[in-house]
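Chain nomenclature is as follows: A, B, C and D, assigned in order of appearance, with residue numbering initiated at 1 for each chain independently.
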Amino acid sequence: MLRFTLSRIGSLVIVLFALSVLIFVVSRFGGGDPVHAYVGGNASPDAIAAARTRLGLDQPVVVQYWDYLTRLLQGDLGLSLSTKRPVADELSSRLPATLELAVVTVILSIVIGLVLARAYSLRGRAGGIIRFVLFSAASAPAFLIATCGLLLFFGQLGWLPVAGRTSYGASSGLSGFYVLDGLLTGNILYAFDALKHLILPATAASLGPGVALARVLADGLDTSLRSGYARTARSLGETESQLLRRHGLRNAAGPVLSLLGVQIGMMLSSLVVVEQIFSWNGLGQYLVTAINAADTNSVATISLLLGAVYVVVNTLVDLGLAVLDPRVRLS
Amino acid sequence: MPSSAETDASGPAATTSSSAGAPRARRKVTPETVALAALVIVVLLALLGPLLSPYATDVPSGTPYLAPFSGGHWLGTDNLGFDVLTRVLAGTRISLFAALVVTGGSALLGLLIGAVAGFVGGWVDSLLMRITDLFLAFPATIVAMAIVAALGPSLRSSMIGIAIVWWPLYARIARGEIRRAAGSLHVEAARMSGTHGARLMLRHTVPTVMPTVLVTASLDIGGVIMTLAALAFIGLGSPAPSPELGLMSSAGMQYLLDSWWIPVFPAVAVGLLSLIFNYLGDGLRSVLRARGA
Amino acid sequence: GSTPGTTSTGSSDTTLNLAFLGAISTPDPDSAYDGYELNLVNSAYEGLLDYRPGQAEPKLVGRLATEWEANAGNTEFTFTLREGVTFHDGTPFNADAVKASFDRRVDVDAGPAYMVKGVKDVKIDGDYKVTVTLKSANSSFLDLLASPFGPKMISPAALKEHPWKGEDDNWFATHDAGTGPYTYTGFDPGVSYDLKTYTQYWGDEPGYQDVHFDVVSNMSTVQLQLKKGEVDGLIGYTDSSSFSSLKKVGNLEAYAFPSMQTPTLFVNPKSPELGDDTTRKEFVGGIDFPELTKLALGDTGTSTTQVFPQNLLPESVNQQKISYDEGALADLAGGALQGKTISCGYAESSSSGQALCDNLTAMLNKAGVKADSTGYAAGTYYSGLAKGAGAPDVTFFSGFPDTASPDAWGIVFYTPDGGLDLFGASVPGLADKLAEAATKDDDALYGDAASMVSESAYWYSVANSLGTAVFQKDVTGVEASWNPVITGVLQLASLSPSGD
Amino acid sequence: MTAALSVASLSVNYTRTTAVDDVSFTIEPGQCFGLVGESGSGKSTIGLAVQGLLTDLRGVTTHGTVTVAGTPLDPSKETGWRGVRGHRVTTVFQDPMSSLDPTMTIGRLLGLVAGSTAESTRWLEEVEIREPATVLRSYPHQLSGGMRQRVMIALALARRPSLLIADEPTTALDVSVQAQILKLLSREREQLGCGVLFITHDLGVARAVCDEVAVLREGKIVEHGSTAVTLENPQNPYTQRLVASRLTLHSDRGRPVGLPEATVVASMAEARGIQDADLERQWTEGSLRWSDFRAEDEGGPRAGAPALELAKVKKSFSTGGFGRRHRKDVLHDVNLRVGTRESVALVGESGSGKSTILRIAAGLEQPDTGDVVVDRRRGEGVQVIFQDAGASLTPWLTVRSLLMERLGNTVTGAGLDRSQREAHLRTALERVALPASVLDAKPAGLSGGQRQRVAIARAVVVPPSLLLCDEPTSALDVSLACSVLNLLNLLRHDLGLPMLFVTHDLAAARVIADRVVVISQGAIVESVPSDDLGAAITSDYGRRLLDAVLS
């Protein structure tokens, strides 16, 4: 266990280091010029040259990288070149925003996954219809689903809000998770409002992963419900649903968990679109803005952050796999 | 639980018929067969598209913003006056081809890398998985952008770029299951019987992950088309008049409220393609399952 | 403030709800150089001079200066300052503030710093009189002071308390210490921004007590919100198709104001296809620009025959020399451009750039010249165009001068040293001509320069962009609030609910 | 009094085979009903049918009626089985590894049935598990084959059913435990008054526990009656044959055992270079001796470079799930030597480390300390027949591809063309008495014994240079076990094949091995020559084994 933890921390460091190197290579290759992000559209060549020197962008890439790394190790994330505010400040509100959306999305994906996996085993029409609906929803491009949701629930019905995280301004709570903050401060109305803002974006983002999870889950359930131990369980009088709960899910959970780990890692990419459409001021939007502006500092920091999240999530997944399946040894 | 194809096969078993012979599988129209038929039609349409339509894809053929079924344009015209139907047909071909190549390529690559990692274990596993983690941990768009920028913007480079960011998904999935399979008795037995290396891996471990990989891949088709679009959108794919479905739909989004047909038809084509592949993936899965059992 | 009940959206008579289609950069008056953030900056801060809002002809008006005077050589400028003005922190406005504010702009040294870099000395003569001496003559110094990006007066007390220490510790990024009609109250970056009336404001009381900006990243959402009346207005951002559709909505009024923003065709001098003088001239002459304008810009632009932006020079000296030749493209298709592809690049953030490129591409393809169009992210656009032969062959860029003076345009766009000569095209003698015109402040010399620009066919001014704004019908005063130079920025204090 | 089970004209068809054909029988409460028959005869299928467990298989048709404790039920439908299955009927399955959920500790699984930890512990003690506390914490893969089987039995008994189906419950167990388990089953049967459907291929076992037996062949009951009558005085030729094949400690180990069987006869005749008919005659007369076979000319077991040598081998495993691991010493300083032409049998109780030694010898497991030397001079390498034969076959490959693969990997096989290889396969299958039709089947479509034989066929399709067998005959009926023993003996004598043979059947060990090595709790306790086994064995465990065979 200790070895496992150490090796994971080691791997976190390696991944983050490699990431940071890659970022600099990429920012070189990417062809963007961060100076323009910094000085704005109408700047004169003098202003551009001055800014270039000031930002150290006239230095060789290696030197720039070294500077970045040393500052980073001192906990200084640098300045967002496009908004000219410290990246740390930019992240402080956006990270919780994305995490909140991501958490709800993951939960919803799992729910969709379970429902659909169940629909696979339903014989007859009902299962077929559920599958068709979910397949269609997962097949349509995310932005189309999101926009249709927007037109229907906001434009036509006016049931759900479609812009931002709340109608009442930023939460005063500590966590930055608005729903949680609302509950913690006893402001149920606020929590409810924040939840309403979450519904459409989370639904739009969770359909794809949900269906993917369902497929893998159904597949695993299929195998495990036909296995010898399932036969034993049946012979011991377990009902199909007990069988599913006690043996099926657990045995099928391995690949599902692996997939989930990867999906969470990649979730940001899918959240980009959703955040854009629902004006969700999170990392996804910020990343896109930063990439577009060639705001290398911000891009690098977000990437590192995501890298860290990814490694942590997958460490948890590996732990989960080991807990689920005793034959897997942690190494 | 068995998917519908299998359910159908077990249908006769549940009824106590008097015949003692092998149960006759009743032929029934399943969603999978419908999907297969649909795919054939779509491919045909895409191939014949240029012959079917009187218009060109990159020359205005009518007034901009014509609604569907007006002025000889079944699906209307877009903001530049291009015929939407013609472009959707041509786009289907490009996108289908690109998505298949990218998905197939990255699934193959990922499967291979994941299998090697899971099968060989030890430092090879660590190395390969760290590389995989690196790619997964990195926001895909950034890597893809860098690769495309390095190769020079074009559809081909976007395809390569996306394949490179897409394979780790499969590698991750494959590695876990292969790892488990590699420890099982039948692999030890095969090793004892003299099968080693790549052959042992390919024959005795890889088939366990095939259903999962295929299913995942089939589900990814739509995603790949849209990712290609995202790259094209920021100038890294083929440039504008090229009729790519993803690009047409995402670029057309701004006209959604007033000229819905401009983004919606290409998006529906994307959705249709991935729906077809979803069902095909499902069908494939049950076929593989039935054969594996 | 997070208690439900202090609802900040939804129409009310005292709050103006506006939408931003994306986050803005820091509203620090000395580094803001993008555009939209000026809606905040110019509501909270004032400069000495301004252009009279609501009229196309640029006319200097006093803001914190009541009188101003230049010496003959354009090196010394004397200002009489407005009395009875206080900053938002209570500090009275006087001559000290002028020097402190100029100094800060130099300290910050961001894009607009050049405007005061030529200042040698600010001489204080009593509380309300200052004389500014320049290092060298500048006939457009007053225009610089009136520029939307021009130097703003900042409370010396606040400047002392929050000296410039670099961007990562900048009090002015979220607070203000100006004299304007509004002060910053809420600042949730990327989410929402709030302005509130400054009760001690020296001028007319603004029509709205509060202004609330919501950042909405999706155009469709804004359109729906406008239709439903959840948002009172949208300044700028609208592309021609959404503009014409919003125009048709009953509860909305869509405005299009003249501006100096001029979408311009730039031709790459190193282009393998168009680098050759005759081909380029034939190519530019072959484009039906009025038609292109109509298709691409619709209600948001009018076709122009001038070279420099309108209202900078007398029309007579400011005319294109290349005339339209209907068959030229077809000739090129069979001739010099046979088998070649013209690529048009545009900055993805510019909807007019995209529309122009896409439509030009379609036009060229129709004429038999193969063409395509590629968008560039903002961060890659400038460097992408600087790639010489590897860059696109043409681009459309929609720029405006910082001030209403022709040298703010000519040098910047038409000479490689200017900053926005995107492909670095250079016409022999043009730089000298422009410099001479600037020192002599002579329209005829500018006219010569315009002819050289036009004849080179490296640039073609396609249209005059109209600044757009969409408001609920019950918001009045919009016509009196727009700036002759810049689009996307209104003088918010002039707006008021119709009941008033 | 209602019967515990009554089966009326039960038939079961799989997609390709008719597994059960019009079978009827009745089991009274407290009665033990034996179902004996060769591998693949449909025994397990009947066991599944009477619990309604065939309904969730694809491509199966079932007819007939099953009446459990007075409740008539339709084995082709799921309805009505709830509350019966798992309560009034429970089962001990044949394949203990795959029958236990790999992700659940024994404690949890047993807890679901037994209710409390105390009860679970009691039941484990009841089935003679020595360290119940450790086992409760363990996962199935951490137990030896025998322990898993005992866990299965505990699971089935814990519900106190009125009908217990025991599908080869003692197959994986060593003889002493087997006797205990059988006693245990009898005791429980008396206590609970439940009927037992006892499926076995071991006539000795059937004789020991069953009141009544039915002999099954190709899905049909060929003979049925009280145990004593049926097994002492069989009428049916097939039953007679089974009875005649029983091995004892007095069987002549110098010659083939059991009755001549066409396929074995053919390959032996080929090895000796004589006519089939002659060989069969010699066999029946008793004049056919292993010493007649070629390799014996070169002398018996010899000193010199051993085929396998283990020196001071130590091995320990960790057990327990995530976060609560314990180390457990399994082998202590094991020294074992198999000479160039020698055949050694390794006997020992369940969990004593037999399989572990084999796995170390095969190189599948690394010893913690100690040396392992395998003589690899001869070409075709070491082959292993695994205890859990079902799991040793790759599930998605057909029998043909599995055998072809092995053939292709050998020097011999490489020199053959397609048709020669195909012929080779068929011969290999014939030797293990499998029809050529199984070539196209996948492991899931085979019975337990058939899988075992496929595994043997794969190991010997080309004779290896060292053969390691882990209880290869325990899942086979006597006649089949005899043919496998004969086959292995033929290979050994004909080719001088060295062999390490793990078993808990002393009679079989004696027949196949020159020397019997007894292992107890991870240490070798004695090594005796087979010829005077009965006299020479002195160790505690050895004597117990001996007693078990003699009784």
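Points worth noting:
Methods note: a residue touches a chain if its C-beta (ideal position, glycine included) is under 8 Å from a C-beta of that chain, and two chains touch if they have at least 3 such contacts.
Chain identities (UniProt): A, B = ABC transporter permease; D = ABC transporter ATP-binding protein.
This is a predicted model, so every value here is computed, not measured.
In terms of the stated touch criterion, the partners common to chain B and chain D are A, listed by label. Remark: chain C and chain D have CA centroids separated by 88 Å (rounded to whole angstrom). Chain B and chain C have Cα centroids separated by 45 Å.
The geometric centre of chain A is 52 Å away from that of chain D, both derived from CA atoms.
Chain A and chain C have Cα centroids lying 37 Å from one another. Multi-chain contact residues of chain A (touching two or more other chains) are listed as 30-31, 147, 151, 226, 291-292, 325, 327. For chain D, the set of residues touching two or more other chains is empty. The set of chain B residues touching two or more other chains comprises 2, 234, 253, 256-257, 293. Pairs of chains meeting the touch criterion: A-B, A-C, A-D, B-C, B-D. Note for the complex: chain B touches chain A at residues 1-4, 7, 31, 130, 133-134, 136-143, 145-146, 149-150, 168-169, 172-173, 176-177, 179-180, 183, 211-212, 215-216, 219, 222-223, 225-227, 234, 246, 249-250, 253, 256-257, 263-264, 267-268, 270-275, 278-279, 281-282, 285, 289, 293. By the touch rule above, chain D contacts chain B in their complex via residues 11, 13, 15-16, 18, 55, 57-63, 74, 76-77, 362, 364, 381-384, 386, 388, 391-397, 405-406, 409-410, 442, 444, 455, 458-459.
The part of chain A that touches chain C in the complex is made up of residues 30-34, 36-37, 39-48, 50-51, 54, 78-79, 82-86, 89-90, 93-94, 147, 150-151, 154-155, 158, 162-173, 181, 187, 189-190, 193, 275-279, 281, 285-286, 289, 291-295.
Across the complex, chain B is touched by residues 11, 14-15, 18-19, 22-23, 25-26, 29-31, 120-121, 123, 127-128, 131-132, 135-136, 138-144, 147, 151, 208, 211-212, 215-216, 218-219, 221-223, 225-226, 254-255, 258-259, 261-262, 265-266, 268-269, 272, 287, 291-292, 299, 302-303, 306-307, 310-311, 314, 321, 325, 327-328 of chain A.
Across the complex, chain D is touched by residues 2, 6, 9-10, 13-14, 16-17, 20-23, 184-195, 203-204, 207-208, 291-293 of chain B.
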